[in-house]
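Take a look at the structure set out below.
Letters A, B, C, D and E mark the chains as written, and numbering starts fresh at 1 in each.
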Amino acid sequence: MTAPLIQIDRLSKRFQSGGGIFAKPRVMMAVRDVSLTIGKGEVLGVVGESGCGKSTLARLVLRLIDPTAGRVSFDGTEITALSPAALRKMRRRMAMVFQDPYSSLDPRHTLAEVLAEPFRAQGEPFPPDRLPEMLAAVGLPATMASSYPHQLSGGQRQRVGIARALALNPDLVVLDEPTASLDVSIQAQIIALLADLRDRLGLTYLFISHDLGLVRYFCDRIVVMYLGAVVEVLPNTTTAPRHPYTHALMQSNFAPDPARRRAIEPLTGEIPSPFALPPGCAFASRCPRASDHCRRETPALGGETAHPVACFHPL
Amino acid sequence: MLPWLIKRLLMLVPVFLAVSVVIFSILHFIPGDPIDNLLKIGSSPEARAEMEVRYGLDKPLAVQYSIWLGNVVQGDLGTAIVARRPVADLIAQALPHSLRLGGLALLFSTVVGVLLGVVAALNRDRWPDRAIMGGVLVGSTMPSFWLGLILILVFSVSLGWFPVSGARGWQSLVLPVLTIGLGGTALVARITRVSMIEAAGRDFVTLLHAKGLSPLRIQLGHVLRHALIPVVTILALRIGWILGGAVTVEVVFARPGLGTLLIKSLSQHDYPVVQACLLMLAMAVMLGTLLGDIMQALMDPRVRAALS
Amino acid sequence: MIAPLRALTRPQGGIAGLWLILVIVAALFAAVLTPYAYDIQNLPNAYQPASAQHWLGTDEFGRDLLTRLMYGARTSLSVSATAISISVLCGMVLGAAAAWFGGWLDRIVTMTVDLTWSFPEILIALILVAIIGPGTTGVMIAIAVAYLAQFTRLTRAQIMTLKGETFIEAARSLGAGDAHILFRHLLPNALAPVLVSAMLATGDAIILEATLGFFGLGAQPPVPSWGGMMSAGSALVFKAPWVIIFPGLAVAITVVAINLYGDALIAELDIRARLRRDA
Amino acid sequence: MTYPLRKSFLAASVSLAALFSAQSLAAQEAVFVIGTAEVGAPTYNPIKATMLNTATALLFDRMVSQAADLSYHPWLAESWEEAADGMSWTFKLKQGITFHNGEPFTADTVKAWIELFKTTEGENAYMAEAIASVEVVDPTTVKFVMSRPEPNLLYNLSSTFMSVIEPKSFAALGDNFGVTEVYGTGPYKLESFAVGQETVLVRNEDYKWGPAVAANAGPAKVERLTFREIPEDSTAFLELKTGGVDFLLSVPADLMGEVQKEANLAVLTMAGQDVWYMPINVTKAPFDDIRVREAAAKAINQDEILASVFGGVGAVADTFLISALPESKVSDGARIKFDPDRSNALLDEAGWAMGEGGVRMKDGQPLKVTLWTQSDSIFRRLTEVVQAQLKAVGIEAEITTFDSSMIRDQYKTGEQQLAVRSYNWDNADIVDWFFGGDRLGYPNVSMFNDPKAEELRTAAMTGAKNMEERIANFTAYHDYVLTQFPMAPIYQPVQAMAYNADRISLPATINAPSFGTAAFMDLEVKE
Amino acid sequence: MTALLDLQSVSVSIGKVALLDGISLSVARGQILGLVGESGSGKSLTAMAAMGLLPLFGGRVTQGSVRFDGQDMAAMTEAERRKLRGRRIGFVTQNPMTALDPVQRIGEQVDVVSRLHLGLDRKAARERTLDLLTQLRIPEAAAVAEAWPHQLSGGMKQRIVIAMALAGEPDLIIADEPTTALDVTVQAQIIQILGNLVREKGVALMLITHDMGVVAQVCDRVAVLYAGRLAEEGAVAPIFAAPAHPYTSALIGCIPQEAMAKGALRGIPGAVPSALAFPAGCRFHPRCDRASDLCRKTVPTTGPRGDGRVACHHPGALA
């Protein structure tokens, strides 16, 4: 592993919903005590199902939201402690690509305006001569510069989103399920483009996804999250999982090969509400290996430093 | 839901206080003085001062307010300065007329509006839809006083079916109810139609068809039920609107009611009466919002869940 | 802006637009279009029904009704439009501030707006005219205040919805400041629905202006306004019904036209869903 | 209670109506609409009120009644005698009269009542101002001791404001007297009163002391009277036309033609007591210049207004008083008549030269003035005509409309320049009321305070020992006021009433100056 | 095996826009047919045509026939078709979150099917409902039946939808992307339940999906749609072993796999064309690396290949 670009230290985020003069607010721990590092040039995948806190983590890393506790350092600078002005300056070094290509572009802005925004936001003049180059980098024709988002397909919009993220040559790009709302054929295009860009520009990616198959294809290291906490970090894509949840995720991923048909062993049990987590391991309610111990105490992320897992009964 | 209801009722207290402050203070910006109406011409400043003391107008505004509020809470709305009788009496005279007119107009607009909205939605983009929505649009764009006059011209003067004015017997209610009701009908029909069309496009409706339910059962048993939620909510919210909006119609038909009482007292600067009328309407508005919330909770389990 | 012109190409939008243009032209060029003056009385000529000389007849002072309708359009349209413009401007500022800053400001604004929204506009206007005094200025301010709640509410809702859109978060992730986000993203996107609903509200304002005029609180004579013309006519609804029927028709047709054209515009701008969600 | 339905009703709707009707109209009742000028009268307290409606006249009786020829006749007082020096009056009272609450009417009652009248706060006390004290001679005889001669005393005693109230309940009820309860000796008792809406009266079965001017001494012929208040004349007319009401107590001139078109409706006219006029604020420029006042006054074309606004019904006014009053017979020179040439000449002379757009200018300022009026439709119409007539001589008047109950407050500010007003009174003391120097603002809307006028006024009000003197003094006062142009007279209407002749029958003549108790005593409902 | 549902050259238009062009496919009892394609390929429309529900979306069959159990659906009255729906054809929708009426209790929504189609009374219908919920491994069935939709998780709701589809004892179940909106671990659950139904009850299942992995895992046959036309159809094993149509092959290649070399995942260039502007000739030709002039001009006919069919001018060889 190379020198860390991002260091995440015991990061937590609590959300409150509802509440008023008389109503008690409902509290949810979206991210619980997460510590991670992302090396320079690394592609770190974060995988988990809906509500596991992976998108919150992505936003915390960029400090689009403020953490309840913990620190994030970017290239040695603690961004969770930066002043708004300093943070704004810092933002040119990190960018984000969003899940929904439809709502991530202002419907009233042309592509040229969309791509000029990173410069305007940083208070810099936009060099218009860079426009064709920026579009070409993501595989879009220069003629599209005056188009509006609604004239583009989903894949094209996502390319624009990527071009916007790359406009100021950032070091880190956070990819928040960039292909989740696209067709598989387009998803593959975008993944190929992202891989290509990373190779050419030496980018560091934090790649958020629910698709373990995709993450295993695309990433160097994989963080598995369940209900706000990291349950396992796979040091590379071929390591066998040790956490029962990672195992279940892997089992749920069907290979496009009828020859490898196998019996489906789905998880049973219900996911606990994030607003009312039971004591102990959050996965215990669905875990085939769960013991009373699991239901009482919360397992810490431990074991091998290179392949930590949070489980009392790892595989 | 009961704890929610109690909380919701408690929430009305600060709202009521805020509203009462506004109502009380705004009237003191109106130029003119009710005392002028009472004083003998050329009476001495002493007589004037005495009169002010008598009606409590000599004290600072904040003190006047707290006295007034204290009395209101005890059910004492004060004495009308110009009309010289307990405000509660005046309100008691006017309110039943307003409630009768408003209630019937509400009933009329709901029944007719929902009916028209349903027919229009079921015939979406075909001629019955266009005819109904066109008619409803025209109906809602006529100034109510003008509509009232035209109705008088046609039904009272030419045909002689209904009395021209007043509030005596059911006949005198027909034209005013119609005049107010038409505007409300337009609103209800439009919301019903839009909500029906919206609800009909929801996924679960497709599934109902896939279950083999008859279209009529789907439309009336499921789609309409959904469409009625916004209709009922908005109608409840607009109770105060309908009561107060009857002003013009009450004037045109020379009907007694809160509206006419308010207008009259406003022009006479009879503060206690104006305050009481506005307070009544504000209460109606507040109760309307409460009613709207309750209706919504009764009709939609999701809302109910959010409340408890 | 092309959408307003495109709306004219729709059948309903076209007819409605044509009427509106006709009314506006009549209002602007009344002095050229009619040989009569709006204020010169000709008492022996009062109560004339429609004729070749007076296409819509004359009023109780023998003045040409069509002429007064044209001049009345001037008052009614300008008062309503100005009032709504003021209302939209203030409403956008209030609504945007409430949605943007949130917290107590938002709570207070929302509560006030919700309460006044449930109050009939005519009552709010009547009380305000009682404070300000009758006449066009008073009526204008009264109408502006009466509709303030509507636009504050709408702007707030629009901004709240837009605030949740990813492109706002995207702008923020690029280091965009509040001003940038407010003026380059939120307000431009909120503008179209607000302006269209402002146009529809102008229709309602014309009715409100007419109602105040009917109560004798609008433009003072001899300046005609549609409502004022009817207030004079109400006493003679059976003696010379045309004196009241025509101004009423003018109001109704104009408001219908505004609604039809507004519908066409909404369809052109494709913002029906956004308007409905926030209604 | 329902409506007598029109005969031309569709049969179906008749039967439908019958189905829903709670009860049908009893034959012995009638529905009246009081005049718009009386709408909203808040109380039936004659001592305190400044505004009373016609129903008041039926709840109470007066000491004396007045005949059509303005002569005075017995009522509660059987006879009276004025001392030669005018310093005392002795009244002999009728016997056996009781109030609605059972209290007897005696000389003590009269004493108590006059004392209440003099001490109760209100605007009406001046009517009893000259009465120094009341002495009870015996149970049926009272003597008014005067502080000065008051030739107008009988007029005041015949006025509705000097209706005899029941003093005990008056004292006990306070502000509620006249609102929730009211006790008089009149031919009708109060059944219900909703201010601004309607008043229902029921017959006083014991009544047998009707005024001498009525043929029927009592009880009244109709059992139950409803007085509705309808603020808009046209609505009231429509009600009459469609059978909703039986009788309009006041029909404006412009509706007379419409009434006459209906076969079943009859019109009753009586001599008018109203004058319409335009007060001119003499303290406000440009009207502080008497030439401009005269010019404005003489720009009013009374004939045109009579013909066009009032349909030719009534008469032009060229003095401040109704022409039936002897005090209106002022010198020809004092009469104010339409004279546009004189107006233009005066304005030229005063330096107001005709400018562009037909508005006169002086020192770069246009001749622009304000013209106040009330929101009632007839006022607004008349005012618009006045506005046009002023414009014809180059005066631009800007109309401001006020609610009728609000306009008095506005006058008290003294900011008015011109206004259009009307009053209803049939005594010359109205000149004092509207032009007295101590009532500036309101009622002296003209802000007229002239030393010479004040002298003449004192003489007119308190200087006369008998009627002839009083008439002479008032004529002189009136004459002088007119020459100062504090107002322009416009129009004097007739009192016009309309009723459904199928339902109502009236005596051939009504021997009273206005439609009051005498008329109601003899009014009948046809079976 | 005789086909239970048989579509012959079905073309469908919505308004004036032709969306499906000559689709033929069939599914037999005890068989799972996977219907695959990208969004806009016409999968859901095919399902609607099979259910006779096209009019709901303003669509109609312009050509061809839809036969259910030998009967032509076009020849039936609407009432007869309604008796098929819910009774003999069960339907599972894409998004369980919106598939249930939010203001009606779960139990009632399931009950109505057996009351309507099996003539059960209220009590019997509820018993059947509880039985079905238990079969679908829903814990505390009685409590769930009294619950409101918003109180259930997505996976639970989808099981309720399946229960509704089963309540009429259908012969055919059409499942339109039943797992797309669900988490991957729940997806496995639902796929397993559906697979078991076919094995245990012998119903026919038409499983609409965009996921070739799912097809490979559970389907017997697969039909690949592209831009409103059938690209390829046949038994699963031979097609995955050697896809004849370049589109089928590309779709399989889009699934990232562990064994795949970095950079092997390239996707399919371009995007699915809009129905308003389908290209001439073979509709896949702009994205196809085998495309020739023939493909650009001439529409390929559907020819047999093994036990299946393919519509390509340059099909790949059989394995």
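Methods note: a contact is a pair of C-beta atoms (placed from the backbone, for glycine too) under 8 Å apart; a residue touches a chain by one contact, two chains touch by 3 or more.
Predicted, not measured: the structure shown is a model, and the values here were computed from it.
Participant: By label order, what chains touch chain A and chain B together?
Facilitator: C, E
Participant: Shortest hop count from chain D to chain E along touching chains?
Facilitator: 2
Participant: Treat touching chains as neighbours and tell me the shortest step distance from chain B to chain E.
Facilitator: 1
Participant: With centres defined by CA atoms only, which chain is the most remote from chain A?
Facilitator: For chain A, the chain whose C-alpha mean is farthest off is D.
Participant: Which chain's C-alpha centroid is most distant from that of chain E?
Facilitator: Centre of mass proxy via C-alpha means gives D as farthest from chain E.
Participant: Could you grab the centroid distance between chain A and chain E? Build each centroid from C-alpha atoms only and quote it in angstrom.
Facilitator: Here the centre of chain E sits 32 Å away from the centre of chain A.
Participant: What's the distance between the Cα centroids of chain A and chain C, rounded to whole Å?
Facilitator: About 49 Å separates the centre of chain A from that of chain C.
Participant: Round to the nearest whole Å and give the separation of the Cα centres of chain C and chain D.
Facilitator: 44
Participant: Measure off the straight-line distance from the CA centroid of chain B to the CA centroid of chain C, and report it in whole Å.
Facilitator: Using C-alpha averages as centres, the distance is 22 Å.
Participant: Check each residue of chain E and list the ones that touch at least two other chains.
Facilitator: none
Participant: Listing for chain A: what residues touch at least two other chains?
Facilitator: none
Participant: So which bits of chain C are touching at least two other chains?
Facilitator: As it turns out, chain C has residues touching two or more other chains at 215, 234, 237-238.
Participant: Hey, which residues of chain D end up touching chain C in the complex?
Facilitator: On the chain D side, the touching residues are 232-234, 238, 254, 257-258, 304, 307-309, 375, 377-378, 380-381, 383-385, 387-388, 391, 398-402.
Participant: Chain A touches which residues of chain E in the complex?
Facilitator: 38-39, 137, 153, 156, 183-189, 191-192, 195, 210-217, 236-237, 240-241, 250-258, 260, 262-263, 265-269, 271-272
Participant: Mind pulling up the chain C residues that touch chain D in the complex?
Facilitator: Going through chain C, the ones touching chain D are 39-41, 43-44, 46, 60-61, 134-135, 215-217, 220-222, 231-232, 234-239.
Participant: Touching chain B in the complex: which residues of chain D?
Facilitator: Touch residues, chain D against chain B: 1-3, 5-6, 8-10, 13, 17, 20-22, 40, 42-43, 121-123, 175-176, 179-180, 194-197, 228, 230-232, 235, 238-239, 241-244, 403, 405-406, 408-410, 412, 438-439, 441-443.
Participant: Mind pulling up the chain B residues that touch chain D in the complex?
Facilitator: For this pair, the touching residues of chain B are 32-33, 36-37, 40-42, 47, 79-80, 82-85, 89-90, 93, 152, 156-157, 159-161, 163-172, 251, 254, 256, 260-261, 264, 267-269.
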